[in-house]
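Shared between the two complexes below is chain A, which pairs with chain B and chain C, respectively.
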Partner chain A sequence: MDFDETVPLSQRSEWADVVPLTQDDGPNPVVPIAYKEEFRETMDYVRAIYFSDERSPRALRLTEETLRLNSGNYTVWHFRRLVLEALNHDLFEELEFIERIAEDNSKNYQLWHHRRWVAEKLGPDVAGRELEFTRRVLSLDAKHYHAWSHRQWTLRALGGWEDELDYCHELLEADVFNNSAWNQRYYVITRSPLLGGLEAMRESEVSYTIKAILTNPANESSWRYLKALYKDDKESWISDSSVSSVCLNVLSRTDCFHGFALSTLLDLLCDGLRPTNEHKDSVRALANEEPDTNLAILVCTILGRVDPIRANYWAWRKSKITVAAM
Partner chain B sequence: MADKLEADKHVRYILMAEKKKESFESVVMDHLRMNGAYWGLTTLDLLDKLGSVSQDEVVSWVMTCQHESAGGFAGNTGHDPHVIYTLSAVQILALFDKLSILDVQKVSSYIAGLQNEDGSFSGDIWGEVDTRFSYIAICCLSILKCLDKINVEKAVDYIVSCKNLDGGFGCTPGAESHAGQIFCCVGALAITGNLHHVDKDLLGWWLCERQDYESGGLNGRPEKLPDVCYSWWVLSSLIMIDRVHWIENGKIVKFILDCQDMDNGGISDNPKDAVDIFHTYFGVAGLSLLESKNN
Partner chain C sequence: GLRLDRSGLNRHGRASEERVMEELPSFTVSQREQFLVENDVFGIYNYFDASDIFTQKYMLEIQRDKQLDYLMKGLRQLGPQFSSLDANRPWLCYWILHSIALLGESVDDELENNAIDFLVRCQGSDGGYGGGPGQLPHLATTYAAVNALVTLSGHKALSSIDREKMSCFLRRMKDKSGGFRMHDMGEMDVRACYTAISIASILNILDDELTQGLGDYILSCQTYEGGIGGEPGSEAHGGYTYCGLAAMILINEVNRLNLDSLMNWAVHRQGVEMGFQGRTNKLVDGCYTFWQAAPCVLLQRLYSTNDHEVHGSSHISQGTDKDHEEHHAHDEDDLEDSDDDDSDEDNDEDSANGDGIHHTSNYINRRVQPIFDSLGLQRYVLLCSKIPDGGFRDKPRKPRDFYHTCYCLSGLSVAQHAWLKDEDTPPLTRDILGSYSNLLEPVHLLHNIVMDQYNEAIEFFFRAA
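Up next is the complex of A and B:
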């Protein structure tokens, strides 16, 4: 880039032949957009070349200037693509351009769609690069929805599954509460062509998840992930002793939130788990109330107390428990 | 701490906000003025002040944003068409009861033309796919009474393929459940009479888990911060699946009210941040949903 951004476009000789097009807002626009002078001028010039459909190197540079001012301007992204195609521009350079824009603001759909458009043209050779780019963005915001979406697309369309489960682990080590990382873990074990699928991975994943739960039992994501490992297999869910064991383990602790352990135990009971004396004692130890013979109902009562903001939900769960269940 | 909705202040905020020439917010909103207009106008309507703006001027500006050949609407004059702005345009016309000025055939063809083989929808000719666009297309065609122009069954199939094991929905198959995407998917399923694909108990629980005990506010995903816009995404989703009573009503109302700027009007994403039209709209809309539920 060798243009001087501080010089107004109207004073640059390069643009002397262009008549800028002003925007007609109408007399009293309902949301009249107030413009900074520099922005207004840049928009007037880019509007002019957009309407004259000039697909030139200077047009490319002008779209860059515009996008630096407002990376959400989707029309300019579109036009830039047309210019890139017309010029047969180096798309590896384009990846770098996108990374520069992303430094200021990576939270817009247009930038990510543009990135995908470029990466798709470059093909599987850039799989590693796309994973590296999203990794950098995620290092600043580990739950960045666009970055995760792009990462999933990259794996699906370009490949690179080999290290993904390790990457999820890395993120979960940094923050075991990262719901996006848990979601990605599920994505990998169910879709990676290199792994055996959910059932094949279940045992090792259950073991992994239980460790995570014990690290911090107040984690909605890890408990949900545990249940998701038993998708469509209720029998295994209720018969796998490690699942009910982790509930008991957490309930015996006095230093943590019991809500998710209780709700998981509730789900198990409602799905047919036959409670042992250990289960009953563990729950009754938490009960301030007169212990009900129906363990699931007692669990709901306790939940209404330990998770009071969702009292209505736990009351509804209680109402759904048929007396036939223990 | 606020105990009521400062309606007059919000109306003033909306009518005056955009006049600040140096405002960065104004600068970056240029390309989505159609959305901004929809948020502002709908809020005025909810507060019974739609008459504060000139209907004719708004409508004629909206129509300048329609692309002659494509049929879709752009975010502003001189921009490309996109379903996002097409929906806002149609919604604005509906607000003013001016749908009759539309060439319905043209607009609906634009939208229908963006449905893909797998039932999903692209946002525009450049091909970005997201369940947001499924909702937008279905909502827009429903307003125009042209749902028969798309393959509804395939559209539903695609949305269902984005359902996750927590009962929620993401932007594409396998993507993380997110309250905004959930609103879009549940909304699309509701409009097309396909709510039986939703596990209402499971999703209802996921949605009510969005409520933070401390602040009473709602977040969009586990372990994220509460944000007023989720008052809309989460509450309307819960209402569509008949489970809004699982949210603690008083606390969410208090959270929204605490996000008001008591001096200059407008609502922000949380009590500490600056206001904007987007959050003003979602805060007022969320409150109106709760009010109508309670009446």
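Up next is the complex of A and C:
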């Protein structure tokens, strides 16, 4: 038997008994692809095996050849899973196979779904390995969407939460603008069985986030995360002085973007924060306009100037305040 | 955006960029990447602003002939590099046919028949469509095939869809958690949910079994940021946000979402480049023109439906029209256009007013100020995404492709029609960046199909009931 992949399938004795099945494109297909000969032939053979439902070792090898040519072929991934099950194949080897395919193209839904299927079968023992795998992918692209999904799945299905908060911190140290890392942080503090949940973590997380905000007031991720720490607890959100403090702190600075501080203050006011004189003075210092208006309205006006891309949005927000006050 | 402090930085050319990188080693990866894109984009904008009127006119022109050329060629033949999309051919059909339809064109009878015949070969014996003949049916390729056939329109195309088998297929994809899987034992995410519901809605096979628990699943995918992620816990993302929002509207459970935070998140996805990014602190990409602008328009319309009793004054007071520098008197002419078939609409507004006011109030009530910067968005698409030779791309330095062509054009259409409360009124000249000939066909926001073709399909499938 010859496994030499450079020899065309039609010339390999291993496949002599199989009649390749050509694609039923019809006489005048649209979007026809000018397949290279190797591609066309491989597809014709795997098509034959798929339709005869042959779940054999050579079928497994053929799916590998096919997926190297087009890792997006979900039908072949699906068939490969059927073959793996029929052969009771070594799934640790399969993890390695996936890693080889991922080298060429990691941005592929099918590959990640396949990985999840294998890992689920292998169970909690591979939690560490899956975290290591995703860490490698994330080291090349720290915002890789599939890698993050897989990592989250691994944690909830297989475990391994112990070092996750540290990992988030590591990524944020490297790039505080990495919104995926902030998202993961939220995932950990709300779902980790080792931590006490959002409320229990709130104080330390608020402290962490405020530090990040003060270092980079133009970082949207940190502001959104701060607000998230008070999800479903409006009372704490408007009464916790550190939140309005960070807004005032940023607003008092002349060297940075004020938009997020202002919009956070706006949200606080809309949620019932009773503005102190300090709040009012801070905002009025930025206003070119009449000081004698509802503070929330004034904030909207300033935002229209300071964040002009969203001028219409801030005007719309302002109109909602008008309506509510009436 | 990351709001980089650009003061004192020389923005011209790569060499000086490298110098800047040396001077500012403390830039994070996000900041560095953002800086490079801003350089490219502002380079284009500065060039445009410094050009004469004729060059500017040319740069803003859609170049319909070139676009159609690119699209038609793709429909007829694709090179071997497209082998990576061999399991996505219905998508190629939809991206190309929809783009052609947006340009107000259609394909000839022969090509139309070939397209229908091809898609029929992609249809599975147990319902649904695969990525090519003989491939396993998949929700995404099914969505693409259905949308492509609806775009082709006509009896042959529409009747070729086996609705009964489709129903079986959708039921098979339904998961007990309430969501949908993409294919047999496939992955489950918000995209699968949307494609299933969009298909069912158009074909008039939507029922309780399909919608059962779906709202719960999508709701669990809305993140702390306000946007929607692919799976519960995943990061808020433009594509999934569109899918989640559209699906919720289609199953009539949209008010379960936190719409305030969704809208806030969506409008913040428009950055200094004026295009949209897919996620917070990531880079602008032309395809998000559709995925993010559509939710903005949908949300704005939802809000205006929700508080319709106050709609008159509050929505107009913001109508300072800052977008439109040139405010011509020909608006009066536009009023005449819009008063024809609106007799049913806002008559309660009229009370004792005379004819002139009737026209005005109808005109005003059919328009809003988009909550995103529509002209800015159009600028990004036309100057940074559009390739003069045909096709559209993600951003400068990226190659064109049919996916980006489809979604840049779709998004451009959404942007052009963003001032309108419904599809019955045409956009004004000032709504369209560039000449009025840039105007594209309006789309149905929940399916991204050109309205005329959508209406024909609904006629067909709802009569079949």
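Here is the rule we use: the second predicted complex is superposed on the first by the 316 of 326 C-alpha atoms of A that agree within 3 Å, B and C clash if a C-alpha of one lies under 4 Å from a C-alpha of the other, contacts with A are read in each partner's own complex, and residues count from 1 in each chain.
Just so we're on the same page, contacts are C-beta pairs under 8 Å (C-beta built on N, C-alpha and C of every residue); 3 or more make two chains touch, one makes a residue touch a chain.
Just so it is clear, the model here is predicted, and its values are computed rather than measured.
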Three-chain arrangement built on chain A, chain B and chain C clash or fit: clash
First, second, both or neither for A:142, with chain B first and chain C second: second
Which superposed partner A:264 touches (first chain B, second chain C, both, neither): neither
Touching partner for A:319 - first (chain B), second (chain C), both, neither: second
First (chain B), second (chain C), both or neither touched by A:69: both
First, second, both or neither for A:81, with chain B first and chain C second: both
Common interface residues of chain A - those touching chain B in one complex and chain C in the other: 21, 23-26, 28-36, 39, 43, 47, 50-51, 69-70, 72-75, 78, 81, 109, 113, 116-117, 143, 145, 148-149, 152-153, 177-180, 183, 186-187, 191, 219-221, 224, 227-228, 231, 309-313, 316
Partner chain C, residues of chain A touching it in the complex: 21, 23-26, 28-36, 39, 43, 47, 50-51, 69-75, 78, 81, 109, 112-113, 116-117, 142-143, 145, 148-149, 152-153, 156, 174-180, 183, 186-187, 191, 218-221, 224-225, 227-228, 231, 257, 263, 309-313, 315-316, 318-320, 322-323
Touching residues on chain C, where the partner in the complex is chain A: 2-3, 28-31, 74-80, 82-89, 92-93, 96, 110-111, 114-115, 117-118, 121, 130-136, 138, 182-187, 223-226, 229-231, 233-237, 263-265, 267-268, 270-272, 274, 279-282, 300, 307, 310, 314-315, 317-318, 320, 322-323, 369-373, 376
Touching residues on chain B, where the partner in the complex is chain A: 18-24, 26-33, 36-37, 40-41, 53-54, 57-58, 60-61, 64, 74-80, 82, 126-128, 130, 164-166, 170-172, 174-178, 204-205, 208-209, 211, 213, 216, 221-224, 245-246, 248, 251, 277
Residues of chain A defined as touching chain B within the complex: 21, 23-36, 39, 43, 47, 50-51, 69-70, 72-75, 78, 81, 109, 113, 116-117, 143, 145, 148-149, 152-153, 177-180, 183-184, 186-187, 190-191, 219-221, 224, 227-228, 231, 307-313, 316
